[in-house]
Amino acid sequence: MREELIVRNGFVFDPLNGIDGEKMDVFIKDGKIVDKVGSKASVVESSGMIVMPGGVDIHSHIAGSKVNSGRVLRPEDHEKDYEVKTQITRSGVGHSIPSTYTAGYRYARMGYTTVFEPAVPPLKARHTHEELDATPIVDKACFPLLGNNWLVMEYLRDGKIEECAAYVAWVMNATKGYAVKIVDPGGVEAWGWGQHLRRLDDRVPHFEITPREIVRGLCKVNRLLRMPHTIHVHTNNLGFPGNYETTIETMDCVRDLASGDRPTIHITHVQFTGFAGTSWLNLGSGAPEISNYVNKHSHVTIDLGQIAFGDTTTMTADGPFQYLLHKLSGNKWINADVEAETGAGVVPFHYKKSNYVNAVQWGIGLELALLTKNPWQVCLTTDHPNGAPFTEYPRVISWLMSSKARARVLAKINKNARRRLHLPGIDREYTFNEIAVVTRAGTAKALNLKEKGHLGVGADADIAVFNLNPKEVDPSKNYRAVRKALKKSAYTIKDGRIISRNGEIVESSMGKTYWVNAKTSEDLMESVTSQLREKFEDYYTVQMENYIIGESFLKAPSRIEVSSEV
Amino acid sequence: MKTVWEGYSMGGIKVKLLTGRSLDQGKSKERGKLSEDYVKCVAVCEFNKEDLEAFKISPGQNVRVSTDFGSVVVRAAASTQQLPKATVFMPYGPWTGIVVNPETHGTGMPSLKGLEAEVSAAPSEKILSLKELVKQFAGR
Amino acid sequence: MKELVLKARRVPNVPAEALVVSPNFIAGKSVEEICAAEVWEGNRRIALREVFDVEGETAKVAEEQAVKVIGEAGKVRKLGYQMSSGLITVDGNAGMYLGEEMKGGTITVNGNAGSWVGTKMGGGTIEVKGNAGDFVGSSYRGSRLGMKNGLIVIHGNAGNEVGCWMRGGTIRVKGNSGQFPGMHMSDGTIFVEGDCGGRAGAQMTGGRVIVVGRLLTVLSSFSFEELRGSVKVGEDKVGGPFYLFTGDVCENGVGRLFVGVNRNPHLEWYKRFIETPGDGLCRLV
Amino acid sequence: MRCLAETFSNVVCTVCGCCCDNIEVTVEGRKVVKVKNGCAISMSKFMNYGEERIPTPLIRRKGELAEASYEEALREAASILKKAKYPLLYGWSLTSCEAIEVGVELTEAVGGVMDNTTTTCHGPTVLGEHDIGVSTCTLGEVRHRADLVVYWGCNPLHAHPNHMKRYTVLSKGRFRASRKDRKLVVVDVRRTDTAKVADFFLQVSTNEDYELLSALRVAVRGDEIEQDSVAGVPAEKIEELAEIMINCEFGILFFGLGLTMTPGKSRNIDLALSLVRDLNSKTKFLIMPMRGHFNVTGVNHVSAWETGYPYAVDLSRGYPRYNPGDTTAIDILLRGECDAALVAASDPVASFPAKACRHLAEIPLITIDPHYSATTLVSDVVFPSALTGIETCGTVYRMDGVVLESKKIVEPLGGVRSDVEILKDMLKLIRG
């Protein structure tokens, strides 16, 4: 039986329930938030501390084939950053590509309890689930890559939107996925031939379709299926100067598909597609333009992909971009194309303050966060590990909360970059409430996770308590205290159990894996499945039966049923 | 007395020794490693037809293969895969383990191909079974 | 200088690791503290006194500290780890990773040393009177940060990949070296006085590899430049003549490979590029 | 009594890294009576899986292996591992990822070194990748797009008999209809059966692959090769191959142990990876190691996500450390530095150099294997186990990282447990 808990007397930040730093108690029973508990409940004394829902990371590459390729590529990344086994925890290594156990513990220590892996080649989804199942404590889910999928492109080219929807539903089921991920739509297929495709209206070789049609088509599919999350898009042209225009164009290409205030598109790691300028020499920030667009349009949510200076590993499904980065940096390079579906690349990278481009990138991410007015449209990410390892979140938060902290970095970065950036002129500072939005409430909302990101009755009892008194500490001035407190939570509570105390894991558990079962009409699914059966052997080198992942393959599946419009 | 460890030069024919997978080795290991079939398929040294003639060795005859690292008796056979001159091939197995160079040079991988070796006809010597071979080099 | 003597009590049968055998650790501590210092024997944490008898004195600062290891320490790894000054003398063999990440000071081994001598070294001197294993002065796996500075002298032979990903400093092998001296190196000097197992300078981008003795072949990714009468290594002028090659072309490298003419008659064909008067090539060099 | 015949389709073959998943196996009770779509080795494995099976656990008593109870064998094994200061836990390529995961946990618990058969196949490939990276793909990409297939130092017709048929020159892809649309190049020391069907064959001198690769890189750059011939190949032929590679639309280089085991080892691979990387500035070119042993790719993956490193992981200090050449099985054995060993799902005594095997025989040795093997002969404790992919199911990785579920098609022998069960029981006993 699970015990009852009271998180007592903390300053609670629970934006989804309109609670902004009120001193109050949070009650927990059987792993859920309740409105009262018995007198025997254990007490987590939190007076003088911040209490927030557990963190929800919308976009972090923690599991799967490309992450693991990165681990194998970089023993030098792990050598000096390791964790010794304890009675409770398994050993492991960091740094930018931590082993699965270490990743789970490190998230939990920072008060994060839910993490979504955003790039899964459907053919290799089993691998992702194996790793997610070896990632302790946090709840998780993964996004299958569909923006270069042959069947998707063919259905959309032929205008068969409903069939496409049924196929996407089939993929979600077959891969136990959560949301539609699009990476460099059409561009990765072109990369299969070593070609680059940059613009929204370029044609994908052999497929007679454009990126614009793929994004729009999948956006419609997503709506037809009533998927909990929007399409999650990594745009074309990532990593090229001037790409902020592609970002805005991509946002705008689904504007008419919006209904009400519900977002229709999530653009991910916008920093990497927020470049203004025409070359690396005059690279600038496109953040003002992008934020301006987002401020005027409610159909968009974004996440930052903020960079932090230092050594990390870049990894995306965007094969051509990773090749570009390899050519630019001279660093070692992994490419991994996946038949009929997608690709991937991995390149180690060191962001330097003295480097003009890196310094501009640093500024772009922060400008996006600070110029976008509505924090509910912004999710904090570093696109782990692309911009920085997720363990840098406390540092990123301190930059958002303190212009002084930003100024200190600005003083040290490349001078020309400083001149190009708008950041020195921005004095906005995030409040704790806004931080709670961009790290948990807003991300949970964007993912439509009803039981996450808030502390209302019925929510999962995933709670982070930080030893920081918001009445006494001014985060603007004392940003170091913020960093220190966020790095190691005083308590992280997962499903109603204290699993981390002052940065030490005191109990380990295995979280669940969400997946979406989008039910379409039986006739439609039947007909699409039989079409698939015909094509499967022509497209794939595995049998259709062996491609499908049964629910029992997952250690702790959590199925989300949605009934589609088709 | 020389042990199996030291290897010994017998004034045999100098050759390059390759080891590797073969279809027969693959099939026979699945039939059981204590089987006669396994010995037949794996305790083998393959030669070029030209080399067999030049060395006056006939297929089926026993030969001793020696390197700086050890020495083992196996059966001579004609290679179906054409070998370069004065090069012999042995399929992977415990018999090759005796003669390969264990040195890894800091890579973890011993030196299993392209070894300097000597072969000589060994008509009166017996090919050891797996059990006998293991007993000989491992003492168990 | 004050000397602390460590006498090996027994030879461990599993790998032992003694990061504490370094002037930096020892200086400023009592002999009692040193005796109790942590050493790993396989998966067991033990005290230094279990493997070494400790005698002598400790100095206040590392500069004043000499450490002498007597007996068989061939299984004891990482002697002199990260040391920045002082002296270590090993009367016997030293285990792997001798002087790893060393920054200064001197290590002398009067026997053989295992592989990875002076890996990631940033300064100081290591002298091995016997042979050394593979990867002398190299980087860690996957890293491009090999030896940066300092001097390593191997009086006997060295194994493969001497100076792998080396970035500076000097490695001198008085005996023979294995294959791939100067693999991926970008700067510094590797001087092999004996023969080389081959593939010298492979994939180098800069720096110098000098092979006085026999080198079977020169990779086709090296282009012949000219004959040199001698080459300077530190203060020494080493007599040649040498063939001078540059490469590795495939890495856009500007490394220089010197190969002794006398011991390598099979490379004589390169001379055709300089010896024929009237041949256009001669003007190129 | 004759049992009813039952046919299983889409069975994953358990022989090599091709992991063909279209095998049809008919069984009658515990007997396999028919195998369809499998290669000759696959047939042999399925049909003969019941040969030379170990019926019960064994413990060495007075020098001879004798029958023992499961509990007794477990106690003995646990005691060996607990006592050891530096145990080696080796093998893992013929079992499921689920078993390998328990293996990592066990290694961590006993403070040992976990190495797998990668050590003696593509360990050098991993080392090459650490320095260069790798430009690769899944096999279907080759099937659909490749107009140039190069096999270097490998003989797929013998070692991966279905490779060409299912994935490369003999397969039918979306953009390549038949053999005519593809060029096959073979580089090998021997004129193998694979070489005999090639369109272009280069016979490289033994031990000189590195020299040839280096010259080929020179030619791909468009520079002149100063030598008349390199590695026994005339410069013009090298230049011809460079032209073929540059001018293809989509090329792939498959390489085997002919590169990883010959002098140069990891550096041969370093250069092959570099060559392919260079080619990407001129055309689309990819590279893939011909992984041999069934789930050896899976071991690398499990090991990497659990510890950060794909093989040769030293957990003696309670956290993962890694340095092949030091922490690899053969080096440890040659230095005589492990004081106990557990071998699971592999037969090192049949494949390691004899000197390494001798140390294995000298220390307490536990083996988990379905069959009698050279290794069981020298073991002190032997656990019979169910055959993964025949008697028990489990996750396995194809050579290109595609993951498949192997199937259970027959019941294991009475009393014989799976690797997962045995390892878990051992772990439980050790943790007390």
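Letters A, B, C and D mark the chains as written, and numbering starts fresh at 1 in each.
The definition used in the following text is that a contact is a pair of C-beta atoms (placed from the backbone, for glycine too) under 8 Å apart; a residue touches a chain by one contact, two chains touch by 3 or more.
From a predicted model like this one, the values you see are computed outputs, not experimental measurements.
*Asks:* Could you let me know which interface, C-D or A-D, is made of more C-beta pairs in contact?
*Replies:* Ranking A-D and C-D by C-beta contacts puts A-D first.
*Asks:* Using mean Cα positions, find the chain sitting nearest the overall protein centre.
*Replies:* D
*Asks:* Approximately how many whole Å separate the CA-defined centres of chain B and chain C?
*Replies:* 38
*Asks:* What whole-number Å value describes the gap between the mean CA coordinates of chain A and chain C?
*Replies:* Using C-alpha averages as centres, the distance is 46 Å.
*Asks:* So which bits of chain D are touching at least two other chains?
*Replies:* Within chain D, residues 127, 130-131, 263, 317-318, 322, 324-326 contact more than one other chain.
*Asks:* Which parts of chain A, given as residue numbers and ranges, touch two or more other chains?
*Replies:* 73-76, 79 - these are the residues of chain A that touch more than one other chain.
*Asks:* Mark out which residues of chain B touch at least two other chains, giving numbers and ranges.
*Replies:* Where chain B meets two or more other chains at a single residue, that happens at 105-106.
*Asks:* Show me, using the given definition of touch, all chain pairs that touch one another.
*Replies:* Listed in label order, the chain pairs in contact are A-C, A-D, B-C, B-D, C-D.
*Asks:* Hey, which residues of chain C end up touching chain A in the complex?
*Replies:* Residue positions touching the partner: 139-143, 145.
*Asks:* Touching chain C in the complex: which residues of chain B?
*Replies:* 105-106
*Asks:* Quick check on the complex: what are the chain D residues that touch chain C?
*Replies:* Counting only chain D, the residues touching chain C are 84-86, 110-112, 127, 130-131, 210-211, 214-215, 217-218, 221, 223, 225-227, 230, 263-264, 267, 270-271, 274, 278, 316-318, 322-326, 336-339.
*Asks:* Using the touch definition up top, name the residues of chain C that touch chain B in the complex.
*Replies:* 115-116, 133-135, 159-161, 178-179
*Asks:* Give every residue of chain A touching chain D within the complex, in rising order.
*Replies:* 63, 65, 67-68, 71-76, 78-79, 82-85, 90-93, 97-101, 123-124, 126-127, 130-131, 134, 150, 192-194, 206, 323, 326-327, 332-340, 343, 346-347, 538-543, 545-546, 553
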